[in-house]
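In the two assemblies presented below, subunit A is common to both, partnered first by subunit B and then by subunit C.
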Partner chain A sequence: MIMPVILWTDALIFLLAAVVVVFILYARSKPHIRAPWRRVFSGKVAAASVVILLAFVLVGLLDSMHFRLPLAANGDSGEIHYAGEVLSTLDVLVGPLRTQVEKTYSAPFATHLFSMETMEREDGSKVRDYPRLVYGASGLGVAVEGKTGDIFKRSLLAVVETLLASVLLLLIMSAWLGRRHGQPVVATAKTILQDALSIPWRTILLTLSLLILLLFLAINLAAAYHVLGTDKVGQDVFYLSLKSIRTGLVIGTLTTLIMLPFAIFTGILAGYARGWIDDVVQYVYTTLNSIPGVLLIAAAILMLQVFIANHADYFETTVERADIRLLFLCIILGITSWTGLCRLLRGEALKLREAEYIQAAVCFGVAHGKIITRHILPNVMHVVLITVVLDFSSLVLAEAVLSYVGVGVDPTMNSWGNMINGARLEMAREPVVWWSLLAAFLFMFVLVLAANLFSDAVRDAFDPRTRSR
Partner chain B sequence: MFAYIVRRLAYAIPILVGINLLTFYLFFVVNSPDDMARMHLGMKRVTPEAIEKWKASHGYDKPLLVNTDAADIHKVTDTIFYEKSLKLFLFDFGSSDDGRDISFDIGQRMLPSLAIAVPSLIIGLLVNITFALLMAFFRGTYVDLSGVILCVVLMSVSAMFYIIGGQYLLAKTFRLVPISGFDSGLDAIKFIILPVVIGVVSGIGAGSRWYRTFFLEEAGKDYVRTARAKGLAESLVLFRHILRNALIPIVTGVVSLLPLLFMGSLLLESFFAVPGLGSYTIDGIRNQDFAIVRVMVFLGSVLYIIGLIMVDIAYTIVDPRIRLT
Partner chain C sequence: MTQPLLKLENLTVRLGQGERAIRPVDGVSLEIHRGETYSLLGESGCGKSMTALSILRLLPQPIGRITDGHIYLDGEDLALLPEAEMRRIRGRRISMIFQEPMTSLNPVLTIGDQIGEVLRQHHGMKGRAAQDRVLEILDAVGIPDVRRRYREYPHQLSGGMKQRVMISIALAGEPDLLIADEPTTALDVTIQAQVLELLQQLQQDTGMAILLITHDLGIVASMADRVAVMYAGQLIEEAGRDRFFGAARHPYSQKLFESLPDVHKRDHALDTIPGTVPALDHDFSGCRFEDRCDVAWDYCRSHVPDWYAAADGQHARCHRLDESITAPATDARTRPAKPVAAARTNHVTSHLEVADLKVHFPIHKGVFKRIAGYVYAVDGVSLSIPPGCTQALVGESGCGKTTVGKATLQLIRPTHGRVQFGDTELTALKGEALRKRRSDFQFIFQDPFSSMNPRMMVGDIVEEGMIAQGIGKTRQDRRARVHELFERVGLSPEHMQRYPHEFSGGQRQRICIARALAVDPQLIVCDEPTSALDVSVQAQILNLLKELQNTLGLSYLFITHNLSVVSYLADRVAVMYLGRIVEEGPVADVLERPLHPYTQALLSAVPVVEVDSRREIIRLEGDIPSPAAPPAGCYFHPRCPQAMAACHDSYPAETVSGDHTVCCFLHQ
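For the complex of A and B:
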């Protein structure tokens, strides 16, 4: 039996996913909530970016199911010992990517190592040359012939597989949509391809096909090559980039999840109650806001490092230690970003409490708690949503900077910041080791761009000021 | 006006006290000086004597808040809180954990920080306003749309890649400027160019998109319609009416940043090995020098609060409708 390991961030991520699912189920029957969301999804750019974001989320969720494998039972005790290494579902799915470790750097699709080594020939003489990779391009044999042909063949296969999968997807999509609208499958497929629906299903289909193409390319090529090269200790960069997705998502989402209840509570309370409560809340957020964010984070993380170093026995595995640090980083980032939302909500609540329907509720003798939950909270949710979505991309970007400064995630944790940090110094090499940087850049860029485009659509759909224009 | 400033300064005091208490709590209560000593001396095999010696040499060997051993006034003054935290209010920063005078270092490093930050701010402001004006002028057309898309794309690139890419392209491949370093006097110019260029470019995306919204907001107002109805040329409307009114939020936003320029840019300075306050802070963090981090937290907060007060004053200057009472 495997031993499941539930890390703190895993639990929170799945809690967040559950909240989102519950919200979707709830919103399905509420036309006034569905309307702005329909507006979000009616944009082609927004629909495409949602698909891409969901792909990232899928990888992140797969990477959030952790467990430890049992070691071979030793003798008669019957007690099962577990490996110290914590794996995730993603590790199992990508299989050999994780274990096929070369000696050191190798370029994407390389057949030989990046650096020369002195090797001994069979006849005893020594020669200085680039050693053959153990796993990279292993299908081609020692002679390394026909690499271009092999890559071409594998890519072509991926394209064919993608085409088949896309047609299948189109059929499923039209069957599903057709059943909803009571139309035959073929007619629905036609309307999808003509892009004549209120939600741009064609764009969604195309984006999905693109993702499927990337998936098949990865499956076909990564099985035989290191598609994005290997890093200093020979790990596959593609695998590292995939693993980093979870870190980026955790920082982008959990930070807001952690600070959200607190910010909503204090912000609305300050604006609604006014008086000394308002003064105290304002004092707290002005004080926290005055400290430059990076420095507050640095101070807090330094303190955490001292704590971890002095209490090393609290943590069973290095993964758990890194996870606590990640969670703590989210909390600290939450504390620094809490102030902005709190101030916005305070302003909204100040405005709303003078609104006529609230005055009416007060006159009817509705309790304050009820007024806040029934009347104020639903009317400030668009502010909360816009802030959450807007913060996501800046948090993902902040992770890289913080890791560079040395107060980001644990150095043993896979993250784009750590990848950049490790590769940065290799820029001085000749020829340059560029692939780690490129991989981190591509993954981060796609995620942040999709998030930015999505947040723009959300803001346009939910912000009453932009709607009227 | 004068009374207002005095009152705002008085408001700043409780905030600074709060920050001071927070940092004191973080640095001395969450982790005792013993922990810090152990951290610095290496973890496992540290003798209690070594810890005591480290604490004594760094002035951490006193009680936290109340010294019961000392006589009268020294009960309060001969403590870590007084020595390390209260003295910050007098801008007496003491010495860093490796024994250097922090005030002296800060004085030395202020100029290089400003040499990078001031040109980046001015040029960045001009560039951003120009782009934003262009997009506002062509609003609703493909120029505007592609400009906004370009802004979003530029925003989605991490600042680290601008720096690394700039260093690689301009300094390494084309050898236009040195990769990193700094020099005194006018020789510094060739070292300043690249950080400034990168600082400007990395800010274009967010900056011009943000300014564009200011311009568009003004462009939708009644007085602009009136100006057009009078038959004013679109460029005149743009420069004489929209630009001048949209400058109010832009200028006040910039003013709030001015004091923080002294703190320098963490990333730029550390990548380009500029001996400014930003790299000083990063070095402090990396070497786990608690004294430096504490001082920079305090200094940054003071500058931030000064910035807030300056914004209020700037508002009265650029917008005569606002009166401070």
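For the complex of A and C:
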């Protein structure tokens, strides 16, 4: 039996996922909500970005299911002891990537370590050379011959597999769409390939194929090589990058989730109630705004470190300790970033409270609470949505900066910021250890770019001012 | 006749691409001669503004384009000119003034700069010469104190002044043709009269032609030489003014006249045009008006009518003018107007008594928001509305009439005064007690577009008040009542599941009325409920309001600036000026024999539809003073043509004669 471990951030992430699913189910029956979303997905760039974002989310969700494995039963007490190491579903899926640890740095697709070592030969003589990697290119034997051929063969295999999978995907897609529109599969497949549908299914298919290609390349190549090299302690950089996705997503989403209720409540209240409530809210956020954010974050994180050090017994595993720090970082980032949304919502509520439909509601004797929830809230949701999506990418980047400075996530936690921080010292080395930095950059770049493109599409679709028609 | 100044030949405009492109202008041909005022009349969405914009080639880009036809200005085809040449035409040969003077001026440039720009562009005038010319033009459009105004910014001017500045910008290039797109719709009647008079006078001085676009038959009657009626992208009738107002031939034009409310139609329901303007995104195989026309027959559906000529240069697009076809006889012309439903049934409703109502808004200044003064929006208004009666409240914008309505219903808390409804003192009610009482009095807003939450279905919107007031025990009960209300206001109950944006303006106002009725009110405050609607739709709403009053015995406080609506609907009328009522009495009395000089001026300024009864317009100088600093003495004396010495010193007391009250020293 495995022992499930539910971390705080896990619980919040699944809560968020559940909220999103519920919202989608709810929105399906509301044409005024569905219409702008259809507009979002009718753009090719946005559709492709969504597919990429979903791939990231999938990795993040897989990485959010944690558990501990039982140790081999020893003794006859019947009591099961569990390993101190907390694993996630992703760890299991990537299998050997996690465990195949080299001694230290090695370049992508390398066969030997990056630095020379003095080794003892069988005859007892000492030689200084690059040691052979234990796992990297292990299939090629000690002689290390035909590496290019092997890589080529494996890549070709991946391409073939991708083609097959894509055709299969096209068939599934056409069968599903065809059934919905009551058309034969072949005809639907044709319309998809001609891109004649209102939602760009061809773009979605192509993006998915690209992702599948990357997946198969990873499966085929990463099994035999360290595709993105290894880091200082020999861990696979590709594995580290994958694990960092969850951290980035948690920071990007949970921060906004934590600040949302507060920002929405105070913002609308200030705008709707006006008077002294408005004054108080305004003074609070102007004051908060004038304190440098990094200062607050640094102070809060240092305080938390002291707390953790003094109460080590509260946490069973290091993962739990790192997790509480991550959560705290989200909270403190949320506290420093809610003011922007609050200000926007206050302005919007000020405008709406004079709207005639609000006055009509007052005229019917509708209570204030009802007016806020039924009339004001639904009419400011587009502002909230646009802000959340726009904030996401800046928060992902903020994590990297904060970890680099040293007030970000726990050093034991995998994150792009920590990867960059680790690579920083090696940049001065000759030859340069470039792969950690590049890997973190690539993953972060793709995620943030996709998020930005998506948020542009969301803003265009939801903001009444930018709608050109 | 000489060559026309402007000649449109089969002008066709499309918005958008492909099969579903919208055709707002579909084959319009017309001629405008020098020195003539040509009026283009029509409801909203008929392509009037698009026609004007396409003459200047200012169609919205990139979706709008001229697909067919020619625009000749003095024989030169504008449609073929390159854009650089076109710039020479705009502002120089053809100028345009827009509906909204508030947004047509650049807020960061002075008035002088904005007019000077035109001079520099088209006449190469600079420096001193340009400045002198600007002052001259400003003077010509009747702006007082031109040297000061020259250096002022748009926000320092009132609406009427801004429209004058717009006109002076248009005139600076000394155009041959001035296109005026609803030039006075955003202005009050007394200001409107000033601006129309100015346009007429300028036309006499310069001999320019005016293309006047409007929906107001009254303006057409007082301004136009020739009239063209536009409907669904086409001209459907063209005639000289007298001919048009005497003998309009197209059924649509005739209907427009019949749907106008006035005092003689009081006892009847107004004639309405059912339905709405058809969508313009397809070809028509018959007459475009056929489905709304009550004299149409099968032939109209299958044949597109030609542009038939009648006597005196009158044309109309109707098969009834084609002598080769024998149209079936109709009884529509002779059909008597429907009488309004049975006599008034006064069921139990309460009397509304407003006494000395005052609403003063504080003006805050400085860091500590010290109160620096008050805006005296409503300054001592007394009204009395017996059950089942309609009290109208008229006045220009900013005189506080809407504030009276809202303060009566406690939507704005009055600063002073009593509002007695039945035996309850409303100003003393607070919180829950007031909330419970709200079902007795309701409000209908001016703009049905903004008075419904766009994210709720209309059924829920109507139901909301019932939930709040606890009417109907179960959801089924309430739904049944919504169903009944929808039928009552003339909407299909299947529409309950739709969203507000799916309805036309008139339908939305019906929903708003249904919503107000849902809580069984005894008094409804109607704040300009028809001013955002077209004439034909206005008639439908007025009919509905009248019918509801007769069957339910409702009282109305009807706030409006439209005097013909007052004469049709109201029992009594109160005229407001700067927060106070200057005259009050039965409708017939006040409108026929106005006593107060302001009422007289207001009545004379309203453009009337009858061409022959052209009355002398009493011209009021200047604008309404600011309610933050009302003048000493009688508030009206700075603008009053009959002001006396006494008027400067104190506010006149009420003079009562019969049930007609007036506040003026002339009648004491």
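Convention: the second predicted complex is superposed on the first by the 467 of 469 C-alpha atoms of A that agree within 3 Å, B and C clash if a C-alpha of one lies under 4 Å from a C-alpha of the other, contacts with A are read in each partner's own complex, and residues count from 1 in each chain.
Assume a residue touches a chain if its C-beta (ideal position, glycine included) is under 8 Å from a C-beta of that chain, and two chains touch if they have at least 3 such contacts.
Model, not experiment: these values are computed from the prediction.
Q: Clash or fit: subunit B against subunit C, after overlaying the two structures on subunit A?
A: fit
Q: Between subunit B (first) and subunit C (second), which, if any, makes contact with A:Thr99: first, second, both or neither?
A: In the superposition, A:Thr99 contacts neither subunit B nor subunit C.
Q: Looking at A:His32, would you say it contacts subunit B, subunit C, both, or neither? Reply first, second, both or neither.
A: After superposition on chain A, A:His32 lies in contact with subunit C alone.
Q: Considering only C-alpha centres, what angle arises at subunit A between the directions to subunit B and subunit C, nearest 10 degrees?
A: If I round to tens, I get 70 degrees.
Q: Contact-wise, after the overlay, does A:Val432 reach subunit B, subunit C, both or neither (first, second, both, neither)?
A: first
Q: Let me test your reading of the model: by the given contact rule, A:Gly406 touches which partner, first (subunit B), second (subunit C), both or neither?
A: first
Q: Quick one: is A:Ser393 in contact with subunit B, with subunit C, with both, or with neither? Answer first, second, both or neither.
A: first
Q: Which chain, subunit B or subunit C, ends up touching more residues of subunit A in the combined arrangement?
A: Of the two chains, more subunit A residues are contacted by B.
Q: When the two structures are overlaid on chain A, which partner does A:Pro378 contact: first (subunit B), second (subunit C), both, or neither?
A: After superposition on chain A, A:Pro378 lies in contact with subunit C alone.
Q: Quick one: is A:Cys363 in contact with subunit B, with subunit C, with both, or with neither? Answer first, second, both or neither.
A: In the superposition, A:Cys363 contacts subunit C only.
Q: If you take every C-alpha pair with one atom in subunit B and one in subunit C, what is the shortest distance in Å after superposing?
A: 5
Q: Please write out, lowest number first, the residues of subunit A touched by both subunit B and subunit C across the two complexes.
A: In subunit A, no position sits in both the subunit B and subunit C interfaces.
Q: Which of the residues in subunit B come into contact with subunit A in the complex?
A: Within the complex, subunit B touches subunit A at residues 14-15, 18-19, 22-23, 26-27, 30-31, 35-36, 38-39, 43, 152-153, 155-161, 164, 167-168, 172, 220, 260, 263, 266-267, 270, 281-282, 285-286, 288, 290, 293-294, 296-297, 300-301, 304-305.
Q: Can you list the subunit C residues touching subunit A in their complex?
A: It is residues 406, 409, 411, 434-439, 442-443, 445-447, 450-456, 464-465, 468-469, 499, 512, 515, 519 of subunit C that touch subunit A.
Q: Going by the contact rule set out above, which residues of subunit A touch subunit C in the complex?
A: 31-32, 355-357, 359-367, 370, 374-375, 378-379
Q: Could you list, by residue number, the parts of subunit A that touch subunit B in their complex?
A: Where subunit A meets subunit B, its residues are 283-284, 286-287, 289-292, 294-296, 298-300, 302-303, 305-307, 309-310, 393, 397, 400-401, 404-407, 420, 424, 427, 432, 437, 441, 444-445, 448-449, 452-453, 456, 469.
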